[in-house]
Amino acid sequence: MLTVDRLESGYGRARVLFGVSLDVAAGQLVCVMGRNGVGKTTLLNTLMGVIPATAGTVTFGDRDITKLKPHERVRLGLGYVPQGHETFPQLTVHANLLVTLDASGNPASALDEALDVFPRLKPLLKRRAGFLSGGQQQQLAIARALVTRPKLLILDEPTEGIQPSIIIEIEEAIETLHRSGIAILLVEQYLDLALRLADRYVILDAGRVVHAGTATDLQGEEARRLLAV
Amino acid sequence: MTAVLEKPTQKLAPKEPRQWKGAAVFVAVAVVALVVMPLVLEPFRLGLLAKYLCYAIVALGIGLAWGQGGMLTLGQGVFFGLGGYAMGMYLKLNDAGGDLPDFMVWSGVEELPALWAPFGNPVFALAMVVVVPLVVAVALGTLVFRQRVRGAYFAILTQALAAALVILLIGQQGLTGGTNGLTNFFDFFGNDVAAESTQRGLYLTVAIVLGVLYLGAWQLVRSRFGRLLLAVRDGEDRVRFLGYNPATVKTITFAISAVMAGIAGALFVPVVGIISPALLGVVPSLELVVAVAVGGRFALAGAVLGAVVMGYAKTYFSEELPDAWLYLQGALFILVMTLAPKGIVGVAAALRDRVRKEASA
Amino acid sequence: GDPATTEGTASGGGGDTIKVGLLHSLSGTMAISEVTVRDAELLAIEEINKAGGVLGKQLEPVVEDGASDWPTFAEKATKLIAQDKVATVFGGWTSASRKAMLPVFEQRKALLWYPVQYEGLESSPYIFYTGATTNQQIIPGLDYLKEQGKKKLFLVGSDYVFPRTANKIIKAYAAANGMEILGEEYTPLGHTEYSTLTNKVVQAKPDAVFNTLNGDSNVAFFKQLKSAGVTAESMPVLSVSVAEEEVTGIGVDNIVGHPVAWNYYQTTETPANAKFVEAFKAKYGAAKVTSDPMEAGYNAVYLWAEAVKKAGSVEVEAVKKAAGGIALERPEGLVTIDGETQHMYKTARIGIIQPDGLIKEVWNSGEPIKPDPYLKTYPWAGGLAS
Amino acid sequence: MTALLEVRDLSVVFDGFRAIDGVDFTVQNGELRFLIGPNGAGKTTLIDIITGLTKPTTGSVVFDGRSLAGKREHERVRLGIGRTFQTSVVFEELTVLENLDLAASFRRPLWSLLARRKGVIAAVEQALETTGLTDLASRKAGVLSHGQRQWLEIGMLIAQGPRLLLLDEPVAGMSSDERSRTGELLTSIAKDHTVIVIEHDMEFLRRYASQVTVLHEGKVLIEGSVDEVRADPRVQEVYLGRAREEAAHDAVS
Amino acid sequence: MEGFLNQLPIGLSIGAVLLLIALGLTFTFGQMGVINMAHGEFIMAGAYTAFLLQDWAGRSAVLVALPVAFVVAGLMGLLLERAAIRHFYGRPLDTLLLTWGVSLVLQQLARDLFGAPNVQVLSPTWLQGAIGPMPYNRLFILVLAVGSVVAIWLYMSRSAQGRRMQAVMQNRQLAATSGINTGRVDQRTFFIGSGLAGIAGVALTLIGPVGPTLGTYYIVDAFLVVVAGGLGQLRGAVIAAAALGLLNSYAEFWTNASLAKVIVFAVIVAFLQFRPQGLFVLRSRALT
């Protein structure tokens, strides 16, 4: 479904990714891991077209999307939850969802479905998103991506700064979505959580894929060593 | 505390930046300015250069406040004017030799206003060149920075300040000479102000003052204070949590830039022979900000360079293609802002990097 | 600095041509007015050149832009004198620009011809004033109002030296002539919000308004006065800085019927004017109008040329000495240079703005008035020039 | 031990919403205190009030016997209160070294800042070593990754030499290995400082925390040891989400 | 006394003019963070549109010109956005300087196209006359200002496009990755903001000069309204414009036009001591 081939990118003259290749098959949950600063967020941002690729290709379905604008990728079915629980701070929770909904052209039911995944958002609908706590914002962020009914959901550290019970809810939500057939590309630092969820994993180091395999491989000492400094 | 994270792998040798290179360039420029220019330029052109250098002093202050401190001041003309009027008042009183200055006569003023009286004393007047801009800047800075007025608000406020001062000056014709400003000077500390030798001396004075202020600003930027200033520019709120009061840092910097503008204004008066409200307004203030942007706002040298280049360009085009000047100024500005936001200095640095890269490849 | 130009030609007269400087604002707020004066001066130069030039040499105009900025006027004047070594300079409009240039001309002993009506109280040995001084415009304007029975005046002006000085004179005149000044208001140059001022004027109920506003402010003032219901019948506004050029911009509707005071109108009936208007329209387009400052600029070139011919040289002191007494038939009638003050004898004219935008003369002084920049011959003006 | 920080009857209301609702909170000198609680419980807001970023509606904060009322942010830092932010903010245009140096220099008189920095102050060198950023010392902070920035912020905090450190989720987004090292760093800092840490990572808490305060809906829910707190049914209800947390715990151990 | 009472409607009408000229500025700043110094020149473009339309619309050109000027100025804004401003998002101070360059070029362009002198725009005969101290043309401007405010408010708060605009303003990158075509939204925003300038320009032909420097006369005042109201705040702009209008009116009534301007400035500085971000502030928890 998503094929990344020898992707390179960076910021200005500083290169961060040095030829990353990976695949996400339909319905698969792939977990990207690696220490701080290895380029995970950069990879996702390049996939979404937020920063341009300097080399390599990104294919989604059978389409080469390397040169598309971010919003065009969203319309093709990529949903993105960036790192750091991002919101439209002055809009209400409801407006945050609505604005995404009408950009996607989906019917209003998509919004209700998203709220069903995160029922805790329902009492907050009239609050301004900027004043929510981190955990509330993160749930909103995922819900907002769901409203676009993505075929592939890309999540960057969705549990960062989230209280344990909500981490569980988010984990459950991801599981549910995964089971419903949505492909997921997940960046996650909690190894145990990644182990529970992922079909396959990819380990990045210094902008390169240094290890890839199925979740069971990851139990190995080798992978644990790669994730350590 | 023990080192629980990584062991240092490399001792910290504080890197000596290529300082001698900067010093060499500075000396070279100084030689050109102080020796070569007076020899090759005819007096009229030398006078123009002196004027550009006055602007360069203002630009230096703008570079400091804006480039380093993030305070976009669109009202630097105010301080330029305050310095200029202080000097102009002294010169007028000196020329009048006990009588009323000429404009007061035709404005119907019968007695020397109390505000003017002390300016007959050259020491007082020269002190006011520095003190008045300083006091105004500190007062304004304390008011607005304490209240965290910044960014676009600050820019627009300074712009309005300039507009208001111009109106005030124009409205007080008997006191200030109105739109005409102060002009028609004869004597400058015992010299005929229009004489070639005086003008050459003035040129050298301006150049030396600029050089000294440049060195001072350079030291400031390199100091801890300079780092702090950058920090305030990029994250004022965060700086508070490092235990510094950003309002103080900004006020000091703003005051320094104001004093520079004041000194420039004072030098401008004998060089050009007039100080008028039009020089204080929004447009000249903006033009200087533009000059700083063109030269490169993040480097002090860029600010100075920009002022001289834009000053020269303005003279050149208004002589050669008067109708095109506004187009050129506008277009130049649009191009610089879009294509080279770091200005001439930034472009030069990029070129140098590319050449180095190619040379090493 | 181009050494060829600095050494070769001495004082603008050494070469095959005589260089003369034209220094007006070609950009900025004053460009609106000054460009037209420059055009008139260029026309005069062209005509003189066609007629064989001066002292057998063609005139070569060097045009500089004062950019509506007084220090720039000083700088460009210096450039024209020191670098181009022009024989003389025609330039300026605002009094501020003249005041800025004055020291340059005096210090460098060069000659300036200044073509606009102004506030008087000045007589520089290096300036010739070809526009009106106060006794040739303001005072005749007041005489006219008095004659019309307007006893209560409201003074409105832009905030700078000409209106302020003019109003001082008006107040002295009023005091001596039993007129009453009900109000005196100044607005910054470029001011466009006149509703409050209009209210003040309307509340004061004057017989007439004396208007020394300059430039764009006139447009806003007249538009807003009109919409407040003030008409030329109910409350005439006498302007001294509104000429044919400005009428279009104000909108004829808004100013029709109001009086103005000048020395020249496009409609002034003299043979010289018929020629001037025709030549000007031929050169710059039929839609162009001529106005008093344009005519004064046009005259300045002819008067200078005449003085040079008489002196046989472009040398400044010789020209100055030759100039006194020169009398020429100009579009406004006979113009004579008063050697003592270097001002002109000029005919004063009051006109009324017509629906076609032109100005019809309704009164004139009959003969040219001797210039009196310090108003020495007016007893009531005693304290003014102190 | 004496109380270094005393918060009494603190409340803050945002547009009618009580984010902090009558909190009493005391931290003794030398303590390492963990502050946990659901998202939106008011943890960050509490720190915001202590550091002067937010004004309380009612209540008082006393630091080392002195009321903080009316004191501005930088004045509180000067009293010895330092903090990091939930999302790290470092000065991107300055190098790592310069960031640390500024943090270490605020006690100097302002005029002395006009001199150039010569060499590296001991406190800065120490902070560089402690955080392992020595290799990156001359890099601009703007190129650091999320985790490196967080360390730099902690380093800046150490370099300030504060008496009370307030850390808002210092290990969020770190890999488990990095967490361990940060935890050890915290433990060592806590030897001679008073530290308050906000954290959601229960594993981290279990390893490094002793005293824990739980906030919930702007109120203190419970205070106690990690085990006491974990065992509290209300904490499980509103924060931990009992069933899965246990399961998760079992799965790992 | 009558004079004093008259100043009240006069003050409001001054406020209406201020509001109309500041409205587009507030809009582009609020929605895009762009401080558009060329706003004054877009106003000028609107005024010249009315001038040109006189040829066939005669005295009622003002009415016809309202929609046309909206589109003309809007398209100029669109062009500016595409050509330059889109490289500047997140750098408001740079846009200020950039657009100042643009304003210089536009002024000179107008001078070359229409000549330096002011041109004549005659107001419709049905706008001649007054109710008390309030001339019909002032009333017309008041209605126009109120109408524009209401229209913008409805658009921003009630329409999907308006919501999208806010989203882009608040988090550009997130908007893009949420599927919003940010480029399109930017264009639309700038079109509307500039178009409002065009409407203001048409209105100003009723009361002021129409020439190349028209914009420069209003720009400083417009900025003051925007600052006092809180950058980008619609209701702030409305209240600030009314307050400044009244202040100006009474200050000038009691002193003179020059002093009134100085007083207005002093009051704004004093006011910012209490409300450093203007009347209404978008609060957020973010540090700068």
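For reference, chains read A, B, C, D and E in written order, and residue numbers begin at 1 within each chain.
We adopt the following convention: contacts are C-beta pairs under 8 Å (C-beta built on N, C-alpha and C of every residue); 3 or more make two chains touch, one makes a residue touch a chain.
Protein names from UniProt, one per chain: A, D = ABC transporter ATP-binding protein; B = Urea ABC transporter permease subunit UrtC; E = Branched-chain amino acid ABC transporter permease.
Note that the structure is predicted; figures quoted are calculated from it, not measured.
If you take the mean of the Cα atoms for each chain, which one ends up farthest from subunit A?
Greatest centre separation from subunit A goes to chain C.
Of all the other chains, whose mean CA position lies farthest from subunit D?
So the farthest one, by centre of C-alpha atoms, is C.
Counting only Cα atoms for the centres, state how far subunit C is from subunit E in Å.
The answer is 37 Å.
State, to the nearest whole Å, the distance from the C-alpha centre of subunit A to the C-alpha centre of subunit B.
About 50 Å, centre to centre.
Between subunit C and subunit D, tell me the centre distance in angstrom, where each centre is the average of that chain's C-alpha atoms.
Subunit C and subunit D have C-alpha centres separated by 75 Å.
Using mean CA coordinates as chain centres, what's the subunit A-subunit E distance in Å?
42
Which residues does subunit C have that touch at least 2 chains other than itself?
In subunit C, 27, 159, 186, 188 touch at least two other chains.
Can you list the residues of subunit B that touch 2 or more other chains?
6, 167, 170-171, 235, 237-238, 323, 326
Hey, what residues on subunit E touch two or more of the other chains?
In subunit E, the residues touching two or more other chains are 108, 256, 258, 261, 287.
Could you pull out which subunit D residues touch subunit A in their complex?
Touch residues, subunit D against subunit A: 14, 36-41, 44, 86-87, 143-148, 150, 169, 172-178, 181, 200, 202, 238-241, 244-245, 248, 251-252.
How about subunit A: which of its residues touch subunit E in the complex?
Listed in rising order, the residues of subunit A that touch subunit E are 48-50, 69-71, 74-75, 80, 82, 86-91, 95-96, 98-100, 102-104, 130-131, 144-145, 148.
Would you tell me which residues of subunit E are touching subunit A in their complex?
Where subunit E meets subunit A, its residues are 160, 163-164, 166-167, 170-171, 173-183, 282, 284-286.
Using the touch rule from the top, collect the residues of subunit E that touch subunit B in their complex.
Its residues touching subunit B are 29, 35, 84, 87-88, 92-94, 96-98, 100-105, 107-109, 112, 220, 223-224, 226-227, 231, 256, 258-259, 261-262, 265-266, 268-269, 272-273, 276-278, 287-288.
Provide the residue numbers of subunit C that touch subunit B in the complex, in ascending order.
My answer: residues 1, 6, 26-27, 63-65, 67-72, 74-76, 78-79, 82-83, 94-96, 99-100, 102-104, 107-108, 119, 121-122, 159-161, 164-165, 168, 186, 188-189, 384-386.
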